[in-house]
Every structure is written in C-alpha cells, then in structure tokens.
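One structure, pasted below without further comment.
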Amino acid sequence: MQRIGVFVCWCGSNIAGTVDVHKVAEALKSEPGVVIATQYQYMCSEAGQTLIKDAIRDHKLTGIVVCSCSPRMHEATFRKTAAAAGLNPYMVEIANIREQCSWIHKDMEVGTEKAIILGRAAIAKVHLNAPLVAGESPVVKRALVIGGGIAGIQTALDIADAGFPVDIVETKPTIGGKMAQIDKTFPTLDCAACILTPKMVDAAQHDKINIYAYSEVAEVKGFVGNFSVKIKQKARMVDPVKCTGCGLCVEKCPMKKVPNEFNLGMDKRSAIYIPFAQAVPKVATIDPTACLKMKTGKCGLCATVCEAGAIDYTQQDSFIEEKYGAIVVATGYNPINLDQFDEFAYNQSPDVVTSLEFERLTNAAGPTAGTLLRPSDGKHPHTLVFVQCVGSRCDGAEKGKSYCSKICCMYTAKHAMLCREKYPDTEVYVFYIDVRTPGKNFDEFYRRAVEEYGVKYIKGMVGKVAPQADGSLLVQASDLIEGEQLKIKADMVVLAAAIEPDQSARPLATMLTASMDTNDFFTEAHPKLRPVESPTAGVFLSGCCQGPKDIPETVSQASGAAAKVIGLLVKDSLTCNPCVAHSDELMCNGCSACEKVCPYGAITYQDKEFRMPDRTTAIRRVASVNPAVCQGCGACTVACPSGAMDLNGFSNSQIMAEVDAICK
Amino acid sequence: MQEAMMRRAKELLADGTVNRVLGWQKGEFAYDHTPAVFDSADQLEQFVYDDFTAANLSKYLVKETKQEGKILAFLKPCDTYSLNQLTKEHRVNRDKVYVVGIGCEGKADVEKIKALGIDGILGIKAEGDNFVVETLYGNQTVAKTDVLAERCVVCKSRKLMTYDEILGEDGEVINSNRFDMVEKLENMTADERFAFWQNELSRCIRCNACRNVCPACTCEKCVFDNVNSGIANTAAADSFEEKMFHVIRAFHVAGRCTDCGECSRVCPQGIPLHLLNRKFIKDINELYGEYQAGEDTDSKGPLTNFTYDDCEPSIVHERGVE
Amino acid sequence: MSHNKETLREIVIETAGVNPRKCMKCGKCSATCPAYDEMEYHPHQFVSMVEAGKIEELMNSKSIWMCLSCFACVERCPRGVEPASFIEAARLALIRQQGKNHLKAEDVPAKLNDKLPGQAIVSAFRKYSK
Amino acid sequence: MTFSYYPGCTLKAKGKDLETYAVKSAEVLGVTMEELEDWQCCGAVYPMAKNEIATKLSSVRALVAARDKGQDLLTLCSACHHVIKRVNNDMANDQNVQLKANNYMALDVPYTGETTVIHYLEMLRDRVGFDNLKKAVVNPLKDMKIAAYYGCLLLRPSKAMSFDDPENPTIMEDFIKAIGATPVVYPYRNECCGGYVAMENNEYATQKCNTICTSATEMGADAIITACPLCMYNLDANTTENNLPVYYFTQLLARALGVEEDAQ
Amino acid sequence: MQVEKKEFKPTIVAFCCNWCSYAGADLSGTNRLNYPANVKIIRVPCSCRVNPMFVLRAFQRGADGVIICGCHPGDCHYTTGNYYARRRMTLLFSMLDFLGIERDRTRLEWVSAAEGAKFAKTMNEFVEAVTKLGENKRLEDLRCKKQ
C-alpha cells in the first residue's frame, strides 16, 4: 500500500474562492492510503514546497497528490520538489482543480464536490504509479549530412564550426548541388558561384568536415544519438588521394561525346571528367558507361598520361560504416520531367528550355560561355517568352504537382531582367497566373523588372508553342487583362518547370523511418514549431527536401538544422522521457500491430527464447520498445490486442483507476 | 474425398515432406469431428472428413509450427484466409506448413438436420443439391438449402487463398449477401436492436468457446485472463468483463477477423456472435474501402492504417436508424 | 420552361460534371482555344460565369455554337476543369428547351454539297439540336 | 488476327475510300475485319453531358456485340473511335452511366466496359507491328514527304483516349516511315480543322485548314494523311491556301502494300 | 410511496489529449467559460491512447456519457495519433449504436489548445444531450434480460 500525501492549494482566492479547500482536504484524508491531507495558500511557493518536502520526509510518503492548477503549469515544479525530498518525481500526480474546476464553476458546493472527485481520481492513479527513472543513452558526437548542395554545405559548416565532426555524403562527383549551376541569385543579383564556391572550399578544408563525394547512404540503423550508417562509395576508377585534379586526362580522353549533365546535356564532356572547374573534391571520375577502356578494354590513354598514377580501372564500390549522433537530410530538388506538357514543345524544339537550362545558357562557365544564344542555331534571340507555373499548381489533371514551386516567380523575374539588361534589343514576355513575391525586397525586385527593365508581364497562360519552319516559335497565349488571344513570334521559350524532391529521398526516408507527404517532401516534426526536425528523433531537415525553398530560406533552414544538431551533440547523453511504452514479453504475440502504428519506428522485434510453464523452451517473436526513440503517444497500446504493450505513467490500469474514481 | 486426403497424407508422410498431419478425427458422435494431429500412417486410419467436418484448423498451426519439422494441414477456403492472417501477424510460420487446400461446397449444420426430426445420425454424403444423411433408421435425403450451416449459406469465398497443392476444385470469391442480417439490424430502431442483443447476449454463459476457437484470438495470454489488465474476471464483484466481453473481443479482432464463422458455430447457446464481427467488417468496407482480412499476407490492416480524410465518428449519426 | 438563376446554374454544373471552383483563372483554356476569335465569351469566362450563375448570358451567346469540341481546353487545363463541358452544358440547357434548336432539319439541304460527309451533318445535329 | 469491326455511317457513303483500302490492306497483313451485324450510327460526337444516356446506347450495343463475340472492337473513323472508346470508358468507370445503360438495355450479361476498343492505327502499331508492316511493303513510297494530320478526336482527352502523346504524337509518323515515306512534323497536326462548325461556317474551317496546310507546306510536306472523313472534307474542300493532296492513311497503306488498284 | 424526483445530473468522462484538448480545457478555465461540473477530465498523452476498453469501462462504472477530445487532424503532437483514434472511435461508436446504445452518449471532438470557447461549448452541448437521454441503463442491462 502506498503512503500518500495530499496537498490542496488555495491559489490565493483563485481556488479557495469557489472550492472549500478545507473540506476537500478533509474528504481526501479518508481515502485509502492517504496518510496526510493538508492545504496551503500557495503550494508552488517556497513555503508551500517546503511543506510538501517536510511531509514527504516526516510521513515517509511514497506518493503525493497536489490539488492545484493545471499540471501544464506546475507539474514540473512539484516533481522537482518531490525529487528534492528523495521521492521519485514520477510519484507525483496533479489534480487540476483550478483551470478545470474553480475557474469554471461559480457554486461553492458544486466546485468542492468536483474537486474532491478530481482528487480521488489522482489518488487512485498515484496508487498505481511506479517510480520511473529516466533512461540515458549516449550521444555519438558526429553528424552525417546527406546531400552536398548549399543546404548540406551550410549545415555541415555550422556544425563543424561548433567543433563537431561532420561527414557529407553526396551522390555526385562534386558537392555544390543546384546552386553551382545557377548563374546569379535574386534579389541581389550576386553571382552564385562567387558566394558558393568559397563555402565549398571551406567545407573541403575544414578539419572537422569529411566529404564522401560520389557516395550514397546504403543502410541506416540505430536511433537518435546512436545511428549506424553504411555509406557506399561508388567506384570512380580514380584514386581521389593521388589525383591532383590537373585535368590532363580530361583533355586527352578520346571519348568526348558524352552529354554533360552539369550543363544539362547542352554540351558534351569526356568519359573521364571533372564536373566543373571549382569542383570539390577536384578529382576526375570515369563514366563507366562511356569509357572506351571500361567498355571495350581498348584505350587506357588516361592512365598513360596521369603522372600521379591515380587511374585504377579495377576499382570497386566500397563501403564505409560510421556512427553518428544526428543525421541531416539535405537531398534537394530537381525540375520535373516535362514530357506531359509538350504543348510547350519542350521535346519538339531545342529553343524551348527550362529555367535551369537558361541559367546555364547565361552562365560564363556554361555551354555558350555566358552569351545568350539559341541552342538550335547559336543565334542571338530577340524575342523571349517566359512561361510560369509549368507543372506547378496542377490539381485534378493527373499530371504535374499540386503545390506552388515557390521559387519560379522570382527567378523568372531575374531571368527576364538580366535578359533586358544585358541585351536591350530583346523583347521579353512573362506569362503569369499570379506573381508571388513574399520575401525581403522580392516584390521590389519584380517591379523593377517591369518598371525599369520593361519586361512585359502578361496575366495569362501559354496554350501552345508551335515551332515554325523558319526556326521561330509561335507562342499562342491569352492576355486575360486585355481579353485577347495573343500570337507571339518568339526566338526562345523558357519554361519555369515545377520542382520536385530528389528521387533518392523516398528510399532514404524508408531507411530513416522518417515520414514524407504525398509529394515526397519530408514531413517536419511540427509545421510551425519544429520545422527543421523530422518526427523521427535525431533526423533533421535542411533545404528543399522539406519543401520548395529559395537560397536564403534554404540557408536559414540549414543553419537552423545545424543549431538543432549542435544542441543534440553537446549533450553527452540523452535523458529519455520515462513515460514511454514498454512491452510485456510474456504476453506479446509478436503480431506487429504496434509496429505498424508507431510513428517513430521505436518498436522492433526479435526472436527470443522463453522458458514455458511446462519447463520446455520456446522461441517467440516479441516486440521491444527503444525508450530513446519512443515519444510516449500510446498508439501502440491500443493497437495491441493482448495488452502486452502499456505506457509508463499512463498505464491501462492507471487510466481505468481514474475512470473508476470519477464514475463512483 | 476422405480417402483421397488420407492417401495423400500418407504419401507426404512417407516421402518426408511432412512429419505430422493436422486433420480431424471422429468425436463422440458421427457429426462432431474434432481436430487432431496424426504422426503415422497407422494413426491416419482415424482420419475423417465429410460434410460435417467444419472446424477451422488454422489456429492449431500457431502451436504446431513451433514444433520441429513440417506439418501437413488440410485447409478449407475459409481456413486459408485465417492462415494468411496468422501468417501476416507472424503467429504461424508458413514455411513449416504444407497446405493441402480442399475445395468446399458448404457444410451441413447438424442442428438444422436434427430440427427436421432426423435422429441417430451415422454419416452424411452430398449428392447434387441434397445431402443424404445416413441414420440408424436408414438414409434420409434433405435439401442442402435446408441444412447448410448459416455461414455457408452466405459464404463469401470458395477460393483458396494459400496452398501448396489442391485436392478437389478451387472455387471463386462469391459476391455474397453475408451482410444482409447486419443490414437488417441496422435498419431496426435502436430499441429493437437493443432488445435483439439483450435477448441474444443474456444467454451467454461465458464458456469462452467463441474465444477459444477463434483463429484471430491467439494471444499468448488473453486480456480477460490477465490479472494485470484491469479487466480480468478476477472476482464476481466486477461485472465489467461479463458485459463487455463480446464487444471488446469483437474490437480486438476488428480488421483481423476473416469472417470464418467459427464463433457462432461453437456457441452452445446459439448466439449469432459473428454478427458483431461482421458489423465491423461492413463498417470497415463502407468507411475505409473494401478490405478482406486474410486475402494476403502483407497489406496493412484497416485499424493500423488511416487516410487524412477518413470520416469523423459523427458519421454514426448520419447513417442508419436512430 | 425557364428556371431561376440558381437552378439553372446547378443544372449546368451537374450536366457538365465538373467543378468550376477548381479553376485558378490561369487562362490556359483561352490561350489554347482555336475558336477564341469567333467567341464573345471565352472558355475561361465560361467557367467563371457558370460559377457566378450567369447562365442566361451564356445560353444567348454565339460562343456556344462556335466551340469545336476539339478538347484542347480539356486536355491542357491544369486543374481538370474542362471548360468544354460547361459550353456543352450551356448549349444543352438551351436546346433542350422546346423550339430552341439551333439547326433545323429544313435548313440542312441548303448547306449540303457533294463532298460534305454524313459525319458533319450528324455531328452538327447532335451538337445543335435536340 | 480477327477483330470485330465497326465501320460507321460515313465510311459507307462519302468516306468509303477510308474503308475499302483498310479492308484490302488488312487482308494482306493477315487481319480479318468482321463487320458487326446491325451496327447503328455512333452519333459522331461524344455526348459530354453527364446526364445523357440514350445517345450512348448505340455505342454500347456495338461494344456488347464485340464482347459477345469475344473479340476486340476495331474502329477506323476517328470520330467513331472517339465516341465508342469514351462510352466504353464510361461503362467501365461511371457507375451512373453503367447502371442506367444496363437497365435500359436489359442485357443477359450486364456490360461493364470489358471490350477493348482499338483503332486501325493502333492495330498496326500494337498488333501487327510497324516492323512487320515495313516487311510487308512491296511498294515503298520513297519519294513522298507526308504530313500526318491527327486532328483532335484520336488524341484528346488523352486520359480517355490513351492513344499517343497528345501534344507530340508519333504513331502516324512511324506509320509513314513504315510505308517507306518521309514524315513531316509540323505544329498544327493536332489542332482542329474546324470540324462540324464547317456546316454553318465554311470560312471558319477554311481559316483553320489554311493554317494547317500552310504549316505542313512550309515544313516541306507534299501530301497530308488523315483518319477522319470530316477532316478529309475540311482539308480537301475548305482549304484555299497551300492546298496539298489529302489522302486517307489507308489509301497510302494500300498503295505501299501494292493493293491500291485492287481496292478500287 | 412518492419519491421526490431529483434533477438528473449525468456523469461525464472526458478524455483529453495532453497537447491540444487538455490545454484547450485549461484555456476555457482561464477565460472563465462555464460548463457543467459533471464533466471530469482524464488526461492522456494523445487521443490514440484512448482504448475502447476505457470507454466501456466508464459506462460500466456508471458514466452516462463519454467524450474524447484530441488535436485536430493534421495537428497531432505525434503527427498521426488522432487519425488512428478517429478510426477506432468511429468503429466503436458504430458498434455501440449497433447494440442499441444511444448515439448521443459518445462523442469525439477535435479541440485545439486555442479553442477554449469550443471546449466549453462542446461540453455544454454534450452534457445537454446526455441529460436528455437520462441515466445510462442499456449497457448495464445488455446481458441482463428483464423478465
């Protein structure tokens, strides 16, 4: 039998005004197990807490009930009080007689009666409380960042600057991501490379950062503070340590007809290649699908010319296993495939390009060395038509994406403006449904495109792009303001294609047991209050993997995620919430119902050997809850038909005892 | 059929495919065949199978597949649904069962036969649309439609869901009218429904037969037997379990019940317990999309799943009769 | 037979079987329409006018006879709104009334020529008459 | 290979050529076209209204007839193909149409969209195969530069028709290559010819067809092919600029297979 | 003998999730919004913690009405808990209805931490509805056939 103390708070007149606290204390004194029941003006005050502490010692209390304000207010306070007196803090229950009693009832009799019942329920519950000890799990002080774009780089730098080692895993041969392909950035028109490449170098040179380029995450095990990750390093056929990045091999390689993915296939590269001049790591990579040596066994020129002896045609994929305390997902985005939108003739004319392609066409390191030229004939275009919302905001049409891709309005304004600035002889049209410019200096930027640069913004949409015999593109569009159907003879059409999460995201989410929405964007732990964390503890989100974002927003989120990671890694161990689920192995059926409803992947199964009552042994599949991962929602406890799964602090019997006390 | 099954069982024992056979043997009467495990050809002489053989064997496999070696199980279409569900829930190790699927045309309900005034029953044989019942007093022919077990009258499927081989003919999933009775109840007034269930459930003697036979009730320890669950039937003082047993049981098997009908078959008081389960199945089908437990071994059950736009519980107010 | 404004709107929406509220007013239908220049109200206006209940205006507009049923607007609409279905519904709302056929049998012989295929006559009848 | 074949009214009158060449060519390719008995006019336009049932029934009859013969239903005229295919989709997916049509027709076995509706071009592509067609060609039309005119009805709405990419189709171009000619791609091949509006307003059709033919001409075509009698009419009779010879695709098919003369 | 008829005050058990509805209940207190004292709240971490057994237990112990409150769909602190709760309670309520138990004795309502007014309003409505039904006899009687 527990020895229970009951402490009724007046809260000045807040409670005592409509609840007869003396009567409550008196009534509760006669409840079974109650050895002391008393009242005081302010239980949460120093004096009130001393009163509780003394009572715990003097009466050798094993549990206490405080009848006071909401547990949301002072449960933590009274738990600390109990702990200070040597009582397990989880032996404290609060009866909420202020917010849920005295403040809503005007009649003293009614209020008092209800307060007594609430007190009884708390006493009934505390009878069944068990001392809980918050478990601890150690934290591996190393972070993994998946994705080496600006989001991943920023996160890694911030974490590393705080003194924690970070590994970046990037599938491409170099880090840099989409930002490396972008020419200028809105709304300031800084050169993207000028602000990105120093960061890439910082990352490469940081003694706390280790970059696994041309690598993928192959397997993730473990949980917050203690992930175990297997990383696959794809064979480059080049020893990255020996390679100096001199580029001689690239120059000599006879196979020079491979579409260059960095320039989105608008020019060619060689079979051995370095994606771009500022690549990090600056190491050559052999494309095995194009390399003559790899395909036919004949050639080997690169090995001959490489003075460092870095070429190794026999290289195999290798695996690294590493432990991490936290994982940051920064897998980024891609423009969608436009096959289903060929009314815009993307597949019919090389002069219809996506906005990302347009970036390359205006970039000094791009296929045209920065001069805007039509891909079809290399001529200077005079009339350009930009089409916004291509594949975005599609709903009910069974193609495209239902969401707004967010960045297109601004980059289109940027493209249009730069076009007019650099080539004043051009005529630039932008077809828009809405221009969305929420952001610092964004609307001003868009207005500048219209007012200073004379970009012709037309409210309406393009219905068809018809490639003509003379090489021009006849753009048929509506002008909803003028009420006209326009036919514009254009030289180039630029499509603001919707963006979607990278394809690697979904399998990764499965490995991480992190949740995703229907569009394959990672879900945040809370859309407002925890936007950089995944609901899965220890997994953080950075950049477009969580939703469409521009660069400043991506960088903010990247730093936010880094701060969260640092906050985790500075701890030597994690104190776990002890109010978590636990499975009674003797009753567990191993049916997996609990595992299916657990949002955190906290439940795993193992085959265990049990001694049976008849002295035989049997192997049974049983669930076990990882207390470091469980958040204590209790979904599993109801899914479990046998009642093997229960929740500390809110056990089946505790809740039923409260029910009984209330319904008595 | 019985001979063919026996022969096949002996073959499979002889060639080492299995070391035991799960089937049925005669009980006290000619019509109460009880599940039995046979481990030799000799023992198999006791094996019986006819149109009275009704028991679903799948549940026995929970225990049997924990034993050494592979066991042969003869499963009717109903039973294969149960086996799939048990496999999904990791209760049965499918690799340790050799399933011989047997076609089923529906089983006879001995109570219905007796109600026709037929006594001294010695055996039964199907002949077309009739059963020929052998009795001490000669053969009697009864129309199948008159004596088929209730669950067979509204059979949902004669298709075998899982098997290693088939004896007899595999059937098809049937577009049955199994929900008719549930619907009829739904269309009654609340008072009528209450009267109906009070009449039915007041006959319950809490013998636990329904739970013990149910292939979805395979808990290591039933909550009703567990003193720590807070709802166990520890003392007469607590009548909770008495009252709520069937509702809780139905909820525990909701989304998992394959509608095999064993609960009602074994109820000594003839309570139509399957209607509770079937009500859940009907609700699930209507509210969350068609779902048949035991159809496969990997889909997510309706109660361990959700969609963002599921209906609200207030839908109960909008449907049916107050 | 005449309906009040709201009933007429409901009839048209039900006949069309699509939801005008899905429209985000991008104007792609009107950008795509080959009959745009022949029309007084354009495809995107059909959607907003149906939503606003201006059915009478649509029924009296020559636009309903100009739609080619080429489905370009249906195909290219990013929201699955199908302006052509509204045009058809407005046309039906008119010709289903007594004596409101647009094409009368007695007018046909004058329109025939030796190359005109039967398909043209049947199509026109189906579209213009009840 | 045997198909139930639905000809449609126009193919028995003004559009006769489309059919005769098709039948003859099919024979060469080992395809039997079994014309349905007692088929009725499909109505030429698909009734878009959700509450139209009666106008869909003739298509349902044809679909049921093919189902009862256990055959796929082959169509040739674009309009018939469009109507029958979409009615078939309704019968498979629209419970309202399904229920009412079945009630109305009181069939022994209710019809729920089981029949596969296949256009002659799809038959060439998916069943015969353009490679096999190429092998069967005896008279490759080497010197012809042909512009394919798809029109609206075969392609749109693509969700219902699933015929080809609605904006950048290739089936007719592949067909042209198979018969040995050179396809000419031009942007207006899937834009409307003016359709039935030509009945009332010839000028309107003329305007559309002139754009189509001018575009095809500029792209270097010297002939146009079509699968639709109404498109044929508009392109042939209502074009005033850059007139090009217009053929039914089946005529050139017959020519390439060496049976053009026989068909006449 | 004539017994004076006492005004019937139903016993109501309200299960509230800790993150939204319990906070909403607190807020209705903070704003001094009245609802009847017969409502007694039991705090659970999430609506998905509410086992149908608890609901039945309450009825069996003499509750006249049981209401479950949780975060609005999409706002669950544990992201998905209330979706499971919604399915479970829908089926449970439907079953109770099937057994002939009055529908208005059970309810599920989404109340956010900001919806103090909604909480009070919901409770007032619920108490009113249950009061109208009178004492909960049926579940008590389900297995005891009156002669």
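We call the chains A, B, C, D and E, going by the order they appear; numbering starts again at 1 in every chain.
In the analysis below, a residue touches a chain if its C-beta (ideal position, glycine included) is under 8 Å from a C-beta of that chain, and two chains touch if they have at least 3 such contacts.
These figures come from a predicted structure and were not determined experimentally.
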item	value
Chains in simultaneous contact with chain B and chain D	A
Chain whose Cα mean lies nearest the overall Cα mean	A
Interface with more contacting C-beta pairs, comparing B-E to A-D	B-E
Chain centre separation in whole Å, for chain C relative to chain A (CA means)	48
Chain D and chain E: spacing of chain centres that average the CA atoms, whole Å	64
Geometric centre distance via CA averages, chain E-chain A, whole Å	36
Touching two or more other chains - residues of chain D	166, 191
Multi-partner residues of chain C (each touching 2 or more other chains)	72, 75
Of all residues in chain A, the ones touching two or more other chains	343, 398, 464, 597, 639, 652, 656
Pairs of chains satisfying the touch condition	A-B, A-C, A-D, A-E, B-E, C-D
In the complex with chain A, residue positions of chain B that touch it	66, 89-91, 218-223, 226, 228-231, 252-253, 256, 300-301, 303-305
Residue ranges of chain E touching chain A (in the complex, touch as defined)	11, 13, 18, 22-23, 25-30, 32-35, 37, 40-46, 48-54, 57-58, 61-63, 77-81, 84, 88, 120
Chain C partner contacts - residues on chain A that touch it in the complex	343, 389, 393-398, 400, 433, 459-464, 476-478, 480, 483, 485
Of chain D, residues touching chain C in the complex	8-10, 13-15, 41, 43-45, 47-51, 55, 77, 79, 152, 155-158, 166, 191-192, 194-201, 204, 208, 228-230, 232-233, 236-237
Residues of chain A defined as touching chain B within the complex	586-593, 596-597, 605, 618-621, 639, 641-644, 652-653, 656-657
